[in-house]
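I've put the structures underneath this note.
Shared chain: chain A. Partners: chain B in the first complex, chain C in the second.
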Partner chain A sequence: MPMFKTAFNGYAVKFSPFLESRLAVATSQNFGIIGSGRQYVLDLTPNGFVPVCSFDTPDGLYDCTWSEDNENILVSASGDGSVKLWDLAAPPMANPVSNRQEHSHEVASVDWNMVRKDSFLSSSWDDTIRLWTVDSPQSLRAFVEHSYCVYKAVWNPRHADIFASASGDCTVRIWDVRQPRSTYQIPGHEMEILSCDWNKYNEFMLVSGSVDKSIKLWDVRNPRQELTRLLGHTYAVRQVKFSPHQESLLMSCSYDMTVCLWDYRAPEDALLARLAHHTEFAVGIDMSTLVEGLLASTAWDETVFVWQQGMDPRAA
Partner chain B sequence: MHGLSEFCAGGTPPKPWERSDTQAGSNGPSPFAPPSNSPSTAATVADAGVANAGAKDENGIPRSLATVDGTAGRQMPPRPWEVNSSGYGGGMTSYNRPSPYGGLGTGMGGYGSNYASPYGAGMYGSGYGSSYGGGYGSSSYGGGYGSSSYGGMQNRYGSGQYGGYGGMGYSGMSGGYGGYGGGAFGGMGGAGSMTPYGYGGPGDPNDPNAGRPPGPPNLWQTMLHALNSFLNFFGRLSILVDENTHAFHFFITALLQLCDRAGVLYGELARFVLRLLGVRSKARTKLASPPVTPSLPGTPALPSNMGDARNNWDSVWGK
Partner chain C sequence: MENKNNKMRLRQQVLLEHLNPAAPARRRAVGGVASSNLVVSSSPCAAGDSAPYPRTTDFLDDVVIVAAYRTAICRAKRGGFKDTFPDDLLAPVLKAVIETTGVKAQEVGDIVVGSVLAPGAQRANECRMAAFFAGFPETVPVRTVNRQCSSGLQAVADVAAAIKAGFYDIGIGAGLESMTSNPMAWEGSVNPRVESNQRAQDCLLPMGVTSENVAERYGVGRKQQDAASVTSHQRAAAATAAGKFRDEIIPVHTKLVDPKTGEEKQVTIAVDDGIRPQTTLADLAKLKAVFKKNGSTTAGNSSQVSDGAAAVLLMKRRTALEKGIPVLGVFRSFVAVGVDPAVMGIGPAVAIPKAVQAAGLELSDIDLFEINEAFASQFTYCAQQLELDPEKINVNGGAIALGHPLGATGARCTATLLNEMKRRGKDCRFGVVSMCIGSGMGAAAVFERGSVVDTLSNARPIADNNLLSKDAK
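Entry: the complex of A and B
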């Protein structure tokens, strides 16, 4: 399967929910520490990747998410605290079509609501999460409870009003947008939690990945004890993601430069595959909702890989 | 805002889990309130009366957040500006991070203190203490990078605070740089507006430059801007290190090993130089020399491999 070389260090890759061959890749110059960013939109063709367009930003980009309502709308999370909306159908000079500057520090993640499809979340190093709609230039509200950077905020795929957030304060919090405070708090790990995701087939099940190298699965109704723990990464787990197609399949990437596939129902032999196709920290992964088994990853080695589950990503 | 392209044919195709027969939550009652019936998130939030929750008021203080706590998480240390005005590093070493590298963090704490103190106690000392502390203490920003055990790296947040604070200073002091508004300097936000990345100017009735292009930044602003960029760099570096403490540990270990090897290298070099200078050092290994034995009548000739093993008499008698 093909590999694409980006100009900057990769941070996030997301399959389009509309077009099975389209991906968005958020990249940052100089490992996201200093410099500019570039948002790529790529099409996967029989001849490899073809860039559809790219947008340059003055600061690095740490995440991106596709609109669930409009195939041309894309949102990027920027290191300057802004959330940028891009419209692929608009002329280049009109982009970004909206620049939302409310976070006071780097925006770490963005996620579009898959149920109601009209809103998205941004989480930031300023400890807050903000709720946005396309129509309003101001955020609808902020969620201020974490006491450290919020690295990830992700909507529940089965409930329009519920989302989870993972923070450096070592907690995962569950929020209802109608409630002023978080509804559940999971003191999940001994060290910072960098990522979380919902099981698509069980609206109560969460997965979290942490600096303590472990991945834990949770039932939000029992926040004191994890369901299971997956060990195998040798450095901090940067991203975790449940499969959209199989209930027990999940994917993770880590600062140990590997991408792993897990089946949590086989705790003795949960690690299905360990893929070492990246040569720098692997920080972005995604699983296609339109094509079962189609996986993508990006890393600081300035590469984007797309491959079919069970195959070697490096196989041409 | 540019008009968004029109493509709203009901959104994305059904997700795999929506097509599935799996019943969500079939294994127990849902802990979540039922989803609202409103098709609009904005209406849902408005109906719940939580719109703008967490937004800041005109003083930069989050609304309805007077009792924010973090009881589920670890105990976070006080933010640098909550400790005192003598520098950022002070409160950091007391922080007991749940990390196997506590020793390392503590060691670097001293570095943090030294590094940060000029900003706390030096140029920007007590004169600005109040506005600086107030604005940031109340903002929703709670990065608290002082919480990291890698104290030296916390200055990124120092930069943030510093930026907003700089803006305050400028808008208050000179009032003539309203349109500048970039990056670190809050611009003409007016009294008390502590937006760290503020864009002042156009809407400010106090801006004497309204309607005119902004003047170039003076040397002082340029210097502060450069300083902010510098601190911002270390701030991001610190967060990345924070996300990946194990790799950082590995890096430090490798560095120490390198230094160790360098020590050996330079030791050899120093020994060589001393020899050139005539200082005789004791040989580290003494080669055993074969005893000088007179050849006796009847003694067999030395085997042919003696050239390789002149000290190895075992091979002689074994033949």
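Entry: the complex of A and C
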């Protein structure tokens, strides 16, 4: 499967929910420490990756998410605290079609609501999460409870109003946008929690990845005790993601430069595969919803890989 | 700046805590970074200040260079082009910039040719003829420009300015000089009023005398000059041997007439013939000063009298993207300055800082220089005055080895600079072309190989994707 070389350091990769061959890649210059950013849109063709377009931004980009409603809309999370909306159908000079500057620090993640399809979340190092719609230039609401960077906010795939957030304050919080406060609080790890994701087949199951190198699975109704703990990464776990096709399959990437696939139900060893195709911190992963087993990863080594589960990402 | 540093420090710290968690529980607000015991200090980048960071954003209306070619440069009267008409020198390079990029000849808005020695009207005519020989239709206009030794660079700058102004989208800046057919000479009588104006009188000084003036006034010794000459020859010879000029030289099919027998021979000239790889300090030391008793300027440490031509194709970045032509470099700034005519060679020392400043840069940002070696004296002085790293100047030799076809030099240096920058890749972001100008001037231009000119560029056509949703069809 092909590899794409980005000009800057990769931060996030996302499959389009509409076109099976399309990906968005958020990148930052100089490892996202200083410099500009570039949002790529790539098409996977038999001849490898073909850039469809790219958008340059004044500060690094840390995450991106596709609209679930319109195949041409894409949102990027920027280091300058802005959330940028791109419209691939609009001429280049019209982009970004919307630039929303409300967060006072780096925006770490963005996630589109896949049930209601009309809104998206952004989580930021300013300790808050904000709720947005495409139409309104202002955020609808800010969720202020975390006491440190919120690295991830992700919608529940079944309930339109519920989402989870992972923070450096060592907690995962579950929110219902109709409620004023968070509904559950999971003091999940002893160290910063960098990522979380919902199981696509079990509305109560959540996974979290932490600086303590572990991945934990939770039943959100029982925040005191995790269901399982997955050990194997040798540095902080940067991203975790449940498979959209297989209930017990999940994917993770880490500062140990590897991408791992796990089956939490496997009797003996939950670690299915450890992929060492990146040569720098692996920070972005995604699993295609349209093609079962199609996986993508990006890293600080300025590469994007797409491969079929079971294959070696580097195999041409 | 302080703000930027803080942001950098904050980001570094957040990442460091992921890798080396200091405390088990985080209860601190992001704002309170400064009070942290984790010390992250900003230190100068190991790659130096000239590291390849972009200083400007890429805009679609940037003027970019997509092709830059030259002929070989041959010694006047004895070299490969001694029996070649000037228009036959210019035509191949004009043709090359069009053919290699696939631009249609009729799309070119103007051709500007820098040329110095030939009578103005005749040269303008010859250039127009050269355009026809190169296959341009009658609809494409041609003009000449004369700013002495910087005419070629001035032509490139004029085209860049016209594109910026919106006169046209695609233009060619070129340079042409056949010092075989047009030797340096003064025609007619000199206005006797020059007696009353020292500066005006100094304009009449032979160039070699101005070189002696520079050497004397700024203390550039004979040894230093000869050393510069040896370096120039060595570098040019090495570059030729390594095939570095192959990317920029367009072979010229022409004839050579044997001076004794009168026999005509068809030849293809593709190699500079002025380079003397075996030049040593000892050889040069034997040469006599030409312009002054006990002087230091010799035939060995002055630029050669040569024939040659060069052409540079410029267009808006938007046009290059639309056509899918890879960008060779971006034209960032140009200045011409005036200096004392008696020491005209110091021009680059004044022009370079101004051009660099106009581009929003500092001298230390520049990764490569092409400074014309009119004379080793003035070249050495300029490099020393600006405290430039010798390893960054004329890395493939200069006019002492290659030759100095006056009007072509500016465009020739541009071609050499951009091709070398391309070879050096990402680490070579900014380059400068500069030269001194007879009658006391200097010119300099800054070129950039930005992020989008790297081979990973997005400069490719989006052929069959109109980016509209499927429903819109």
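By definition in this document, the second predicted complex is superposed on the first by the 315 of 316 C-alpha atoms of A that agree within 3 Å, B and C clash if a C-alpha of one lies under 4 Å from a C-alpha of the other, contacts with A are read in each partner's own complex, and residues count from 1 in each chain.
Just so we're on the same page, a residue touches a chain if its C-beta (ideal position, glycine included) is under 8 Å from a C-beta of that chain, and two chains touch if they have at least 3 such contacts.
Source: prediction; values computed, not measured.
Enquirer: On chain A, do chain B and chain C fit together or clash when superposed?
Expert: Clash: chain B and chain C overlap once superposed on chain A.
Enquirer: State whether A:Tyr201 touches chain B only (first), chain C only (second), both chains, or neither.
Expert: After superposition on chain A, A:Tyr201 lies in contact with chain B alone.
Enquirer: With the two structures laid over each other on chain A, which partner does A:Cys149 touch: chain B (first), chain C (second), both, or neither?
Expert: both
Enquirer: Go through the superposed model and pick first if A:Ile33 touches only chain B, second if only chain C, both, or neither.
Expert: The answer is both, since A:Ile33 touches chain B and chain C.
Enquirer: Which partner, chain B or chain C, is in contact with more residues of chain A?
Expert: The partner making contact with more of chain A's residues is B.
Enquirer: Taking the superposition as given, does A:Ala7 touch the first partner, chain B, the second, chain C, both, or neither?
Expert: In the superposition, A:Ala7 contacts chain C only.
Enquirer: Could you look at A:Val211 and tell me whether it touches chain B, chain C, both or neither (first, second, both, neither)?
Expert: Touch status of A:Val211: both partners.
Enquirer: Once the structures are superposed on A, label A:Val115 by its partner contacts, choosing first (chain B), second (chain C), both or neither.
Expert: The answer is first: A:Val115 touches chain B but not chain C.
Enquirer: Per the contact definition in the header, classify A:Asn70: touching chain B only (first), chain C only (second), both, or neither.
Expert: both
Enquirer: Given the touch rule stated above, what does A:Ala236 touch, chain B (first), chain C (second), both, or neither?
Expert: both
Enquirer: Which partner chains sit in contact with A:Cys53 here, chain B, chain C, both or neither? Use first/second/both/neither.
Expert: second
Enquirer: Let me check the overlay on chain A: which residues of chain A are in contact with chain B and also with chain C?
Expert: Residues common to the chain A contacts of chain C and of chain B are 31-34, 70-72, 79, 88-89, 105-106, 125-127, 147-149, 168-170, 190-192, 194, 211, 235-236, 238, 255, listed in rising order.
Enquirer: For chain A, which residues are in contact with chain B within the complex?
Expert: Listed in rising order, the residues of chain A that touch chain B are 17-18, 31-34, 68-73, 79-81, 85, 87-90, 94-95, 97-98, 101, 104-106, 113-119, 125-128, 130-131, 133-137, 139-149, 151, 156-162, 167-171, 173, 176-180, 183-187, 190-192, 194, 200-204, 211, 213, 220-221, 234-236, 238, 244-245, 247, 255, 281, 289-290, 292.
Enquirer: Give the list of chain C residues in touch with chain A in this complex.
Expert: Result: residues 4, 7-8, 10-12, 14-15, 17-19, 21, 24-30, 53-54, 57-58, 60, 451, 454, 456, 458, 460, 462, 465, 467-470, 472 of chain C touch chain A.
Enquirer: For the complex, which residues does chain B have touching chain A?
Expert: My answer: residues 1-2, 4-5, 7-8, 11-13, 15-17, 20, 22, 24-25, 27-28, 30-33, 35-36, 39-42, 44-45, 47-48, 50-55, 62, 64-65, 68, 70-74, 76, 98-99, 139-144, 147, 160, 195-197, 199, 229, 232-233, 236-237, 239-240, 242-247.
Enquirer: Would you tell me which residues of chain A are touching chain C in their complex?
Expert: 5-7, 30-36, 43, 51-54, 56, 58, 70-72, 79, 88-89, 92-93, 105-106, 125-127, 147-149, 168-170, 190-192, 194, 211-212, 235-236, 238, 255
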